[in-house]
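Right after this note come the structures.
Two complexes follow with chain A in common, the first pairing it with chain B and the second with chain C.
Take a look at the complex of A and B:
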């Protein structure tokens, strides 16, 4: 595999976490413009853990994802009663506050003779864990896709449980869900924390792959792209957001003919797609049909 | 104390620009129940069209006309593609659609204008006015006066014309308005044009004060307008104005007492606190429930 292909695939994998985190909230009926905040919190948190404190990668990632999940849960408590646009703008305000605070964060310590740590808007250099431990690009890509597989599998299983049904019910309409005994507030906080953790895994992987992060990377563009991928790919299953990411990064970025015009082509295509399919390519109805067809052919085979 | 007063004066002047952007947002939201993320970028397209004429030696009036025309064209494009064509119930889809069109507009502008900054003509060449210890920058006074005039015009249009009556009817209940024979599509187009004219004027005044334009203006304008609208209460016209002024004053005070890096942080902090404690904003309690109905199913 060429380095370029590995790079593109790794990118798709990492951004997929962000899209999945937005998807978890979309299923619950909340639109977040702020998932980039949890991506950023975990990128910084895990970077600090491995590069400054010398923790192993798995522990650093766990720490980063836990921080992101905790932050998401804390934000969810006061915002749980907000709906639609109010929730979206509140998450946007939070994410921008995180970005601006990271711009002010300067904290460097001496590690083996060099100063390492976040330096305000200059960013955080030398998160060199995977180079220091001779982890190859292919190995790291496999790690990304392993974790991605776990998350997608976990989400798919979760959607088949009572909890998953409760989340979809809240997404349809909160009031009947509440009337049927679903603890709406608790479910929303759970969904937020889960989305924070998923974004956090992506952020930790991102920081270690590119070794250099700066607050400007985690602006609203990143978050809204994550949200858009879910809507392009479809809200029917956890595979939908992945499809959205693959379509954008995999297809458009790789086709060199679009270089320089990528956003014009992508923007136009997506706007047209959303007119025809407002809930994405793989929406609930399509997923239901596909599943039914699969089951039927299964019967025929027996 | 003089500093504090001076900050309030400056804040009100700066905030009047935000108030215009907030007004455009709130008009689109109040009537269409749609958040147009591409509103700021449409204004950005407009001022770049103005700059294009300015660079080719056109006079001030031509630049003003070009800016307004550019904004209207861009905003109508967004309106038709993202709001008119997307099904009524899919509110979030329309928001995301307007976001991808934002990306499209921004890239198109950067393709034509590859440099970082471009000049914009100065609108007035007056001296600053001094009243006792307080300074008034002439550009800001012009901006403030234009905003006050425009607000009076918008008020007349909304509350004293047939078009305004139709607008308010659609804002209250689109279905009932359609039964009364109000053409929803044309009202939507009218609102898009009206919001674009307001935004175009805001863009002119702000770019004329700074005397430069950058592609990031779109992001900036969307942020400021959105915050002004949310602070005041979504869909409320006086609310958007109050929200814009409050935002301006808060920003200037924070910059003065804490430092420039706190400008945006203060704005987002204010916004977040407002949303959590008083989601309806300063002047818009009733709209909350209406908005809930529009966004119930994404």
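Take a look at the complex of A and C:
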């Protein structure tokens, strides 16, 4: 496998976490423009843990994702009652606040003779765990896809439980959901925490793969992309957002013909899909049809 | 079973409901009628907690439930249907019923996996029974949004029954139905009554209200203007003027 291909695949994998985190909220009926904040919180948190404190990677990632999940849950407490545009603006405001705080965060410590740590808007260099431990690009890519498989599998299973259905019920119509005994506020906080953790896993992987992060990376465009992937790929299954990422990074970004026009093509694609397929390519109707067909062919096979 | 005491709801300046006193006794069917905008749906929404109350109390089985959080009212034994059908269109018919069961598995100590993924045997059997009640057994795996209007109404009624409620609030269940469907609904309501369910029936369609209720309360501009047996209410001149008058012509 060429380095270029590994790079593209790794990128797709990492951004997929961001798309999945936005997806969890979209399914619950909330449009968040702030998932990049949790990506950032975990990127910084895990980077600090491995590069400054010398923690092992798994623990640093766990810590970063936990921080992101906690932050998301805390944001959800006051915003759970907001809808539509109000929720979108609140999440965007929080994400911008996080970015500005990271620009002010300067905290370096001496690690084996070099000063390491975040330097405000100049960023945070030398998150060198995978190089220091001789983890190859392929190995790291496998780690990304292993975790991605776990998250997609976990979400797919969850969607078949009462809890998973409760999230979709809230997304469709909160009032009957509540009348049927769903604790809407608690479910929304749960969904937010889950989305924070998922974004956090992606952020931690990202920081360690590129070894250098700066606040400007985590701007609103990152969040908009994460959101758009679910809207393009579809909200009927957790595979939908992955399809969105593959279409954008795997196709638009890689095809030379689109060079320079990518954002225009991407924006046009999003606008077009929102009109003709408001819930994406793999929307609920399509997924339901596919599942029924699979079940039927399963019956035939037996 | 249900007692509303001085129930009042204001939306800003709109006095949607004024000082409503109403008792519904166990096993009976109370009709609630009145012109559009007279506060019928508001009454239902207050009982199941969609809106907070402005003044007054709601007693259920002798307990004040006015401050019980909305999502807990189902487990108290209160279920409802909506005037404008509110099913979960993306979910299948089966799922719509399964999620409405008020988590029976938790109570029966089933193993975790079964509890969370297909429901307990008992839950599945109950969903099957509801599907048959609604005449939708052959459409169990259909998405609810694909059902016809009449099927959606039946599914919503079955969904309200899934939690085995003590009190059923039906908000204009016959709206938009043809005579055949109304007769079918009438039989279902009578069957529920025979099972001993307590029902508050909000309705416009007189054939239904007059045929199945024990008592009828009449609202006009948020106030109760009459209450009595169907025959008494039909004779009441105030009611005829406020409401029946337009239909009697």
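Here, the second predicted complex is superposed on the first by the 302 of 302 C-alpha atoms of A that agree within 3 Å, B and C clash if a C-alpha of one lies under 4 Å from a C-alpha of the other, contacts with A are read in each partner's own complex, and residues count from 1 in each chain.
Just so it is clear, a residue touches a chain if its C-beta (ideal position, glycine included) is under 8 Å from a C-beta of that chain, and two chains touch if they have at least 3 such contacts.
Keep in mind the model is a prediction, meaning the values are calculated, not measured.
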Quick check for you: in the superposed arrangement, does A:96 touch first (chain B), second (chain C), both or neither? first
Does chain C touch more residues of chain A than chain B does, or is it the other way round? B
Partner chain in contact with A:228 - chain B first, chain C second, else both or neither: first
Contacts for A:153 in the overlay, against chain B (first) and chain C (second): which applies, first, second, both or neither? neither
Considering only the touch criterion stated at the top, classify A:82 as touching first (chain B), second (chain C), both, or neither. first
Tell me the contact category for A:172 with respect to chain B and chain C: first, second, both or neither. both
Contacts of A:268 with chain B and chain C, given as first, second, both or neither: first
Please work out whether A:26 is in contact with chain B alone, chain C alone, both, or neither, and reply first, second, both or neither. first
Which chain A residues are contacted by chain C in one complex and by chain B in the other? 172-173
How about chain B: which of its residues touch chain A in the complex? 35, 37, 81-82, 85-87, 89-97, 99-104, 106-108, 111, 219, 226, 230, 234, 261, 264-265, 268-269, 271-272, 275-276, 279, 288, 291-292, 294-298
Under the definition above, what is the set of chain A residues touching chain C in their complex? 157, 160-163, 165-166, 168-169, 172-173, 175-184, 236, 284-285, 288, 292, 295
Would you pull the chain C residues touching chain A in the complex into a rising list? 48-50, 69-75, 79-80, 82, 86-92, 95, 98-100, 102-103, 116-117, 141, 143, 159, 163
Using the touch rule from the top, collect the residues of chain A that touch chain B in their complex. 26, 29, 31, 78-79, 81-86, 88-90, 93-94, 96-97, 100-101, 103-104, 171-173, 220-221, 224, 227-228, 231, 260-264, 266-268, 270-271, 274-275, 278-279
